[in-house]
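Take a look at the structures listed below.
In the two assemblies presented below, chain A is common to both, partnered first by chain B and then by chain C.
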Partner chain A sequence: MPLLETRGLCKQFGGLQAVKDVNLRVEAGEIVGIIGPNGAGKSTLFNTICGVYRPSSGEIWFAGRPIHGLRPNRIARLGIGRTFQASRPFQQLSLEANVLSAYGARFHGGWRAMWGRAFTPQHRERARALLELVGLAEHAQTEARHLSLGLQRRLEIARALALEPRLLMLDEPAAGISHEEGQQLMALIRKLRDKGTTVLLIEHNMQMVMNLCDRIEVLNYGVQIAAGTPGDIARHPDVIEAYLGKEVAGA
Partner chain B sequence: MAIPAYYVTVGIVTGIYIILALSLNIITGFAGQPNLGHAAFFGIGAYTLAILTTQFGMSFWLALLAAAVASGAVGSILGLISLRVREDFLAITTIGINFVVVSIFLYHPFFGQAFGIGGIPAPSLFGVAFGRTGFLALVAAAVLLVVWVSRRIEGSWFGLALESLREDEAAAEAAGIDTRRFKVIAFTLGTALAGLAGGIYASFMTFISPGDFTFPLSITILCMAVVGGLGTIRGPVAGAVILSLAPEIFRFVMDYRLLVYGGLLVLMMRVQPTGLLGRDSVLVRRWQRLIAHRRRPLSAS
Partner chain C sequence: MLAQQFVSGIVIGGVYALIAMGLTLVYGVLRILHVAHAAVYATGAYVGLITFQRTDNLWLGLAAAAVFCGLFGVMIHRFVYGPLLDQPRIVPLIASIGLFIFSQDFLRLLFGPYAMSFPASVPFGLLELGDAVIPGRQVFILAVTAVLLALTWYVVGRTRLGLAWTAVSQDAETAVAMGVNVPRVVAFNFLFGSSIAAIAGILVGMHYNSVYPAMGEMPAYKMLAVVVLGGLGSVPGTVVAAFLLGLVETLLVGFAGFVLPRDAIAFVALIAILLLRPEGLFGRSDA
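The block that comes next holds the complex of A and B.
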């Protein structure tokens, strides 16, 4: 049984079919990449899986249960952590508070637990460990708005990890960051996978996708046009066409 | 007691303003939801207590509880509305609620119309009716209660959830926070505490009329919280104290109240948007530097 599966997933905005009949399978322990030209429907697919959008039709199954129609917070607590394409940390909160906000979701169930102290030494230690993992521990008391874009992306990953997710979904994690930061990010993603987290990511940086992913799904105009290992995808004629355009005979 | 009656009255009024500013702070400061109609909930609490004590002979204490519950119930409806409308429209909706509530008090005979409701009894404890000093003690206790509730929120999982949704709703949802639920709780709690203030106010004044709960009062309460510093506890308390004492000390402030408050809001937004004692405000930074300065020679020796 795959960890995440979409069955005939469609998302329509008015007359625009952003995601069309997508059947995605992500097995536990995999790193799966979703690629495609701009406007291919990658982010829409992401947001539909995470519950930001309701699917127009089709089903989404996660860890053996349907999650389509659930609200994003519910899906997050079921074990899907995510980041956003444009980084969205809680700007005026410290990094520690950013991480604890997601860690605290597990205490929201009961009225009494909800009023429990968030910043106890024990919980702060947990936040520190997560910040350590992404290399931000020394900035724990800094407000998120003071961080560079690259560091904000790492903070978002730490916040998503605070949910202790089984699946981590990263929306263009390498966009706008330096080559060196990109290398660190890849090392981090591998480390997370080795610890048992499954990763689904959207990325434009081909070098990163090819190096990192076990499998790649290619979207174009909302439709899956190819799937396979990085080697298969690099040679796939439809993919080359989608990215580079059709070769004109005799040109 | 030797405290002159005038000072006791000023103290009671100030205390009521502190409760109002702190209760608004839960909704607007912690959870970041605009509320320009807080006076309506103050009014619902006041009228609930007035009607229950004068027409149904209910005891003050039970009626005070009912005032908080009634106000919180209407507030939770506003919370549910807040889930449906975007922030700027929510601000307008809250203004509308203020006008609707005042109109109901003004036009429905059950609420005494323009005459208001008079003869509201003072609370009594062990058979002794409260005098001015008793009221001051009651208000002080209520202020302590609201400060305590605010402090419990601050630094709890609940408070952190409110702050997260204030910062970014979509990101809060992604962090597993049920933003809808927390918004409704924030509105319910904040308006219930405003209702509590209303109940005490009605009993202290013995007479209330619709004019006591109009939109300008909502602006005054908001102004107190903003001037002091939204999102903190010390801020709204300081704002309420400063702005309720100012008209007592400077007559011209009394005469041009709304003009002064409006101007103050604009000025604060321009020069110190986090408020006088808000996070990262000039005064707070100065203070922290002063403390650090004092400590340094000690640790060096």
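The block that comes next holds the complex of A and C.
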């Protein structure tokens, strides 16, 4: 049974078919990359899986249960952590509080639980461990807005990990960061996978996708045009055309 | 006399802080100016007074008002703002003003247009602090205010609810993705802010020994001045601004033979702050 599966997933905005009949399978323990030209529907697919958008049709199954139609906070608590394309930490909260905002969410279930303390020693210890994992432990009390973009992206990963997700979804984690930060990020993602987290990521940085992913799905105009190992994808004629078609035609 | 006036200003400022807190909490998460909050405050004064008249127990009055108005606040969110959240922000604002006017007149119909006295005796005697002699009622108001502000500080700064509230106020969409149940956080906010406003209503009713249907009118405007002064949505800013306004009002009117009526000061301050520092004392210009 795949950890995440979409069946005939469609998302339409008015007349625009942003995601069309996508059948995605992510097995537990994989690192799967989604690539495609700008406007291919990658982020829409992400947001539909996470519950930000309701699917127009089709189904989404996670860990053996349907999650389409659930609200995003429910989906998050079922074990899907995510980051955003434009890095979005809570700017005026400390790194520790950023992580705890998601960690505490697992306890937000009951009316009474919400009155509990957010910063218990165990919670802070856990937050510290997650910040340690992404290499930010020494900045635990700094406000997120003081971090560089690369560090903010790592903070977002730590925050998503606080949900103890089985699936981590990263939306262009390498966008706007330096080559060196990109290398560190790849090492981090591998480390997470080795600890048992499944990773689904959107990325434009081809070098990263090719090096990191076990499998790659290619979207164009909301449609899956190819899927396979990095080696398959690099040779796939439709992929080459989707990426290079215009330039070749115009040359 | 100065010390006396000072205490008086603190008393008034504390009550302003209690009233404005609900507005700040709601603005933080919904970006709505919850004008009807002042109606919740007036309703709280009435519920407290009626309960007190029936039972002769002030604590019961406080509790009844807090519970009744807490639920009133949750209902306002559920049935008035909830359906309007997709609309431009002017729509819930107009609904809020409408609800405020309606509630005021509803109180007038129920209890008559007259001021009713609030003859509660308090479990405190005169307190002498150096030059200042503080009547028992003011001691009581100060004590209740201090407890409630401490409670607010704890809830906002230390609990999961407070952390979730802060997260939602900074970026609701991201907070949802982190598993925060936003509608529930908002409902808690209304519950908490409205309960505190209800108690503030009782305290003011006791302070002036008068409860009347339009008693929410002046606080409606003043809480607006307080939250703008404090930087919209900032909890510490609200508290500081409230005490500042209470003190300035009391001291200016009591001493300087100030030419403007007392209630005008808040609005002069509001105009000045909008001209000079629109983000408020504690707001960030990027907010």
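Simple rule for what comes next: the second predicted complex is superposed on the first by the 245 of 251 C-alpha atoms of A that agree within 3 Å, B and C clash if a C-alpha of one lies under 4 Å from a C-alpha of the other, contacts with A are read in each partner's own complex, and residues count from 1 in each chain.
Here is the rule we go by: a contact is a pair of C-beta atoms (placed from the backbone, for glycine too) under 8 Å apart; a residue touches a chain by one contact, two chains touch by 3 or more.
Model, not experiment: these values are computed from the prediction.
Novice: Are chain B and chain C a fit on chain A, or do they clash, once the structures share the same frame?
Specialist: Here the two partners, once superposed via chain A, clash with each other.
Novice: Going by the contact rule set out at the top, does A:M210 touch chain B (first), chain C (second), both, or neither?
Specialist: The answer is neither, since A:M210 touches no partner chain.
Novice: A:A175 in the overlay: touching chain B, chain C, both, or neither? Say first, second, both or neither.
Specialist: In the superposition, A:A175 touches no partner, neither chain B nor chain C.
Novice: Name the contact category of A:V223: first (chain B only), second (chain C only), both, or neither.
Specialist: A:V223 sits against neither chain B nor chain C.
Novice: Which holds for A:A63: it touches chain B only (first), chain C only (second), both, or neither?
Specialist: A:A63: touches no partner chain.
Novice: Check whether A:R82 is in contact with chain B, with chain C, with both or with neither, and answer first, second, both or neither.
Specialist: both
Novice: With both complexes overlaid on chain A, does A:C10 touch chain B (first), chain C (second), both or neither?
Specialist: Neither partner.
Novice: Between chain B and chain C, which residues of chain A are contacted by each of them?
Specialist: Residues common to the chain A contacts of chain C and of chain B are 50, 52, 71-73, 76-77, 82, 84, 88, 90-93, 97, 100-102, 104-108, 113-119, 159-160, 162-163, listed in rising order.
Novice: Residue numbers of chain A touching chain B in their complex, please.
Specialist: Residues of chain A touching chain B: 50-52, 71-74, 76-77, 81-82, 84, 88-93, 97, 100-102, 104-108, 113-119, 159-160, 162-163.
Novice: Chain C touches which residues of chain A in the complex?
Specialist: 50, 52, 71-73, 76-77, 82, 84, 88, 90-93, 97, 100-102, 104-108, 111, 113-119, 159-160, 162-163
Novice: Which stretch or stretches of chain B touch chain A in the complex?
Specialist: 152, 155-161, 163-164, 167-168, 170-180, 279
Novice: In the complex, go through chain C and note every residue touching chain A.
Specialist: That would be residues 155, 158-164, 166-167, 170-171, 173-182, 184-185, 188, 284 of chain C.
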